[in-house]
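Which chain is which? They are A, B, C, D, E and F, in the order written, and residues in each are numbered from 1.
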Amino acid sequence: MKQKMKIVVLNPNSSEEMTHAIARSARKYAQNRFEVLAITDNGAPEFIDYPEDVAKATKDMMQIIKDHEYIADAFVIACHCDPNVKLLRQISKKPVIGIGEASMRLAAMLGARFSVITTDLHSVTQKYELIHEYGLERYCASVRVRDKSIEDEMEAYEQAARKAIEEDLAEVIVLGCAGLCEMAEELTKRLKVPVLDGVVCGLILAEGMVNAGYRTSKVRFYAGKNDL
Amino acid sequence: MKQKMKIVVLNPNSSEEMTHAIARSARKYAQNRFEVLAITDNGAPEFIDYPEDVAKATKDMMQIIKDHEYIADAFVIACHCDPNVKLLRQISKKPVIGIGEASMRLAAMLGARFSVITTDLHSVTQKYELIHEYGLERYCASVRVRDKSIEDEMEAYEQAARKAIEEDLAEVIVLGCAGLCEMAEELTKRLKVPVLDGVVCGLILAEGMVNAGYRTSKVRFYAGKNDL
Amino acid sequence: MKQKMKIVVLNPNSSEEMTHAIARSARKYAQNRFEVLAITDNGAPEFIDYPEDVAKATKDMMQIIKDHEYIADAFVIACHCDPNVKLLRQISKKPVIGIGEASMRLAAMLGARFSVITTDLHSVTQKYELIHEYGLERYCASVRVRDKSIEDEMEAYEQAARKAIEEDLAEVIVLGCAGLCEMAEELTKRLKVPVLDGVVCGLILAEGMVNAGYRTSKVRFYAGKNDL
Amino acid sequence: MKQKMKIVVLNPNSSEEMTHAIARSARKYAQNRFEVLAITDNGAPEFIDYPEDVAKATKDMMQIIKDHEYIADAFVIACHCDPNVKLLRQISKKPVIGIGEASMRLAAMLGARFSVITTDLHSVTQKYELIHEYGLERYCASVRVRDKSIEDEMEAYEQAARKAIEEDLAEVIVLGCAGLCEMAEELTKRLKVPVLDGVVCGLILAEGMVNAGYRTSKVRFYAGKNDL
Amino acid sequence: MKQKMKIVVLNPNSSEEMTHAIARSARKYAQNRFEVLAITDNGAPEFIDYPEDVAKATKDMMQIIKDHEYIADAFVIACHCDPNVKLLRQISKKPVIGIGEASMRLAAMLGARFSVITTDLHSVTQKYELIHEYGLERYCASVRVRDKSIEDEMEAYEQAARKAIEEDLAEVIVLGCAGLCEMAEELTKRLKVPVLDGVVCGLILAEGMVNAGYRTSKVRFYAGKNDL
Amino acid sequence: MKQKMKIVVLNPNSSEEMTHAIARSARKYAQNRFEVLAITDNGAPEFIDYPEDVAKATKDMMQIIKDHEYIADAFVIACHCDPNVKLLRQISKKPVIGIGEASMRLAAMLGARFSVITTDLHSVTQKYELIHEYGLERYCASVRVRDKSIEDEMEAYEQAARKAIEEDLAEVIVLGCAGLCEMAEELTKRLKVPVLDGVVCGLILAEGMVNAGYRTSKVRFYAGKNDL
């Protein structure tokens, strides 16, 4: 009997609270179609903000991939700055999807231009770097940060998104942090445009690639020297 | 009881033979997860090669979308030059995915660079136009046409792909025509790199977007004046 | 005796009023050098705003081209979103010029950066798409929409243009709708920078190409399967 | 009585032979519509190949513009590397058109991709610089140099163009030197694709801009400090 | 005995006051490592603002290069619009560095995005042209002009820079005029981000290239016809 | 008394032989101007080829930076794929230069277009990724790999470079691996174009930045959460 598909959703942050939110979002999307293994990188900082945080998270991220290589059908890296995605693609034989890339590529197919709304000023520039890396400049209306003086988080992000829609002419909103995933539904209702949560977008691609039997190409760029 | 998901796979070419091949590929991917309605644009030319062919196909494409708007959960436009995708996105409330865009965006996540292999010289330039439109230049190793003097079609495309991999350093191959969809599996085996069939790639995105409840943004670009 | 040059200026909108304005602008430019045939697409919506409007206009646009293929020396498509220009280029043997493309390419030779001023918010994103398609990002200072609360149309566009010049550092203004063609002269006086009307820009290129004997290349991209 | 339009075609090379060829091409295009003043930059090197050659030609180019500012309606700079075009645009109040820019912008409207054929290897890189400056990368199939071992010049350029059409998929050919202008007609016949001569392309734009009353914007970039 | 390195810092403006400021900055950087020859282009306008000013400066710039070819080890062109840099690179056998290019390339290695602050509105567009020429769009946060109504120059530039940092998210500031070189130190203190002076940046590259024995490539683009 | 400048040249590969070659190149460039500390990452694989190799090298790279933060004036990361450069820039207060970025940015100032010659096919795509990241596409003529069947390494790289110069029109050659640094001088002689060694290029920038007192901007992108 064919086994149920298993997708590992790896939270590179060590915040268990965030992992729970991610797991809830992921399972809501998964329904009964596949099993979600939400795994926290316990060796990582609570929140990944800077390259050094990524470096601290790397060892455990690699170990998690290796430990689940024969169990998982695909991996979703649940941090919107796509930390170590290329590295993990190289060491695994299964599809590895970053939620930043997934959400922004899908956004480009749901409206003419998207805006990313994010938590902190320093991550705005990080988003621009990602957008350049993925060649998505032409689809990006803006990257906006919430106003931290607004106490209610939902309202703060709603306001940032609304400015993006009205002033920057965004037609789709991308949530710029895995921790915001549970806001997608409510913000979609309030804003009346698609609000994309990277965890769901990552799962869309991961599930589909597993169903299709697609795997990372192992010639050259992602080849690697060693078997697992 | 929740109804089974239904995805309309619209073949803008009037070739029934091609629709059958597309339907077989689509159903193989769909398994029991969703129902595939493969529909031929009978008013279209047998094969869409040029803008005029697209124009001839347009009226029926619109009608098919309108006729299935309340039945279908999503639409996949099964022609690799993505004819009328923006138009259909505007007139439908459901996700509309072009297989050219779907296959090339997925290719960018399965290897560092992809090549498209295609049927005819005139379509090579059409692919370059699409690649520019989608901002994918930086992921494209080349667009190659099969050698028509090679009688065996599979061998002809295999050779084109092999040159793309060896000479242009492609790591992923994209099949540049819906009619080639059934070659993906065999070519993947022969070439040992991912060979993407747009029909499957389109379904990955369509199915996922339906599962996620994502729909085209209806502010501005895809708004349209009239309800269906 | 050599016949007088004839240029068909095709208004893809069905507004006769707009056709009259276009015809007046065109004839003023034409003087006695060539004859202007201003033709309304009667099968089209009054104003082309969305892809569906373009789709409705297509059949008659093709017919008008075919009917005038042996009479006209060139065609100018008088709608600033350049609807069906590639299609018509493929079906005709004569030069076919879109006024959006014409006006923005000329703008790039009359100042360092241009802004487009346009009628409605939804067309702003359409302009960005065109600018991307033509590779003109580096020449574009902004796309601005008039303030609809200003009753006097001329004043509304003047204000939008003035902001483009002062805040976005535009040096040339492009009128983003064929219907605005008769404002060019007055706005040029008020703003003291070149204000380009697409109808005139389209005729500059069409007339020149006819004089030079230039015709669309018929290898590959615009080849087409059938003679007219 | 309105005076006949006068366009100065400035040959920045001091080769009189080249000026004669340019003048013949220009007058053939001009017919009776405007007067052509073909002027040689006698202070320049015989052929402009390198920046130093441009520097030597500059003083006289400026003087020629100033001397003809009140006589000429527009200026065409008849050297395909567009030497000093921005400078001359700044010092004149009349339209100033470079034949490199003119020919490549027109080429983009006559086929999907163009190739430039040129005289010498060192000018190939110069063309790439121009193509980058004008944002035309996406329309450029290649820049090719003739094979100097082929004695017959026409045949050498024909061969370079043919390779561009067949191997690089060019659909339009741009002659990369003003001195080649008289080959355009014959090469068009042989190659059966549009072969654009920059002198004619420059005149198309210059004549049209004069007819339309368009002049270089004098805010900021081309403003300059002094009146002539 | 090995001679001390000599770098000519050529001020293309004829302002002696500016040359003195440039010389002080240059010598402060040079310490005892190399000798600075600060040379004023006496034939130039006091301040280079427009292409015509560059044209007037050209002859003496070339002469200064030729006069110092055997004395100097490298040349730094001390005007932030990089006038004639390509020309001088072609006529000299020694490295020739423009301070605009030097400062913006270094800025890209000291922070994610930089802003240029400059003297006048017309130079803003000139900076954008340079940024396009050098392919640095993706590193540029903005180009800002000082507020001329602020009497104290330092304060005016500080304010412009502060807006660039806070509103445009610049992380590095580039001084957009050689005349501002002596402000770098004080502005760095006030703004707490790197503030780059082009003269120093140009010398970093010139000194290093001399130490490394690097010289401009003399195949093709910078080859030139004549020896000095 | 002012202390002598110290630059740490960090070899992220664990090959001591490579470190020696790097140290010899670095000291030859340094002369007496600064002290070179060439440090091997002993925890790294012998040669860094793939992301996993970088991951293995990271911990020690960070430690080396931290251990030398108060000793070193700047850091040069001596591996041409610029591993961890952004990370190290974030954790250090001193300039951190990657030799890939340094060599390619300098190449753009020494000729119109450069080619990178490299060791293995898989690194060709890595170079294209870097070139995209740094926005240097427009300066890149090609990336070429040596022919491994040529036994003599120098000859193999010479041949690759020669093809780049003759067929791809490169004017400057960039050595695509730190291990090739000692070939620069000989290849420069043979090829008669500048052949840039990244170690020297990195030192040019590092030394200059130290002399100028330039340090990485610590607002946002490279800010980091913790002091060392």
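Couple of notes before you dig in:
Here is the rule we go by: a residue touches a chain if its C-beta (ideal position, glycine included) is under 8 Å from a C-beta of that chain, and two chains touch if they have at least 3 such contacts.
Not measured: the values here are computed from a predicted model.
Looking at the partners of chain A and chain D together, the chains they share are B, C, E, F. Ranked by distance of CA centroids from chain A, the top chain is D. When the contact pairs of B-C are matched by residue number across D-E, A-B or A-E, over half of them reappear in D-E. Centre-to-centre separation between chain C and chain D, using Cα means, comes to 25 Å.
The geometric centre of chain B is 42 Å away from that of chain F, both derived from CA atoms. Of all residues in chain B, those touching 2 or more other chains are 112-113, 121, 124-125, 129, 132, 137-138, 169, 171, 220-222, listed in ascending order. Screening every pair of chains for touch gives A-B, A-C, A-E, A-F, B-C, B-D, B-F, C-D, C-E, D-E, D-F, E-F.
Those residues of chain A whose C-beta lies close enough to touch chain E in the complex are 121, 124-125, 128-129, 132, 137. Residues 29, 31, 33, 95, 97, 101-102, 105-106, 108-113, 134-139, 165, 169, 171-172, 192-194, 196, 200-201, 203-205, 207-209, 211-212, 214-222 of chain C are the ones that touch chain D when the two sit in their complex. Chain F meets chain D in the complex at residues 112-113, 138, 169, 171. Within the complex formed with chain C, the residues of chain B that make contact are 45, 49-55, 58-59, 62, 84, 86-87, 90-91, 121-122, 124-126, 129, 132-133, 220-226.
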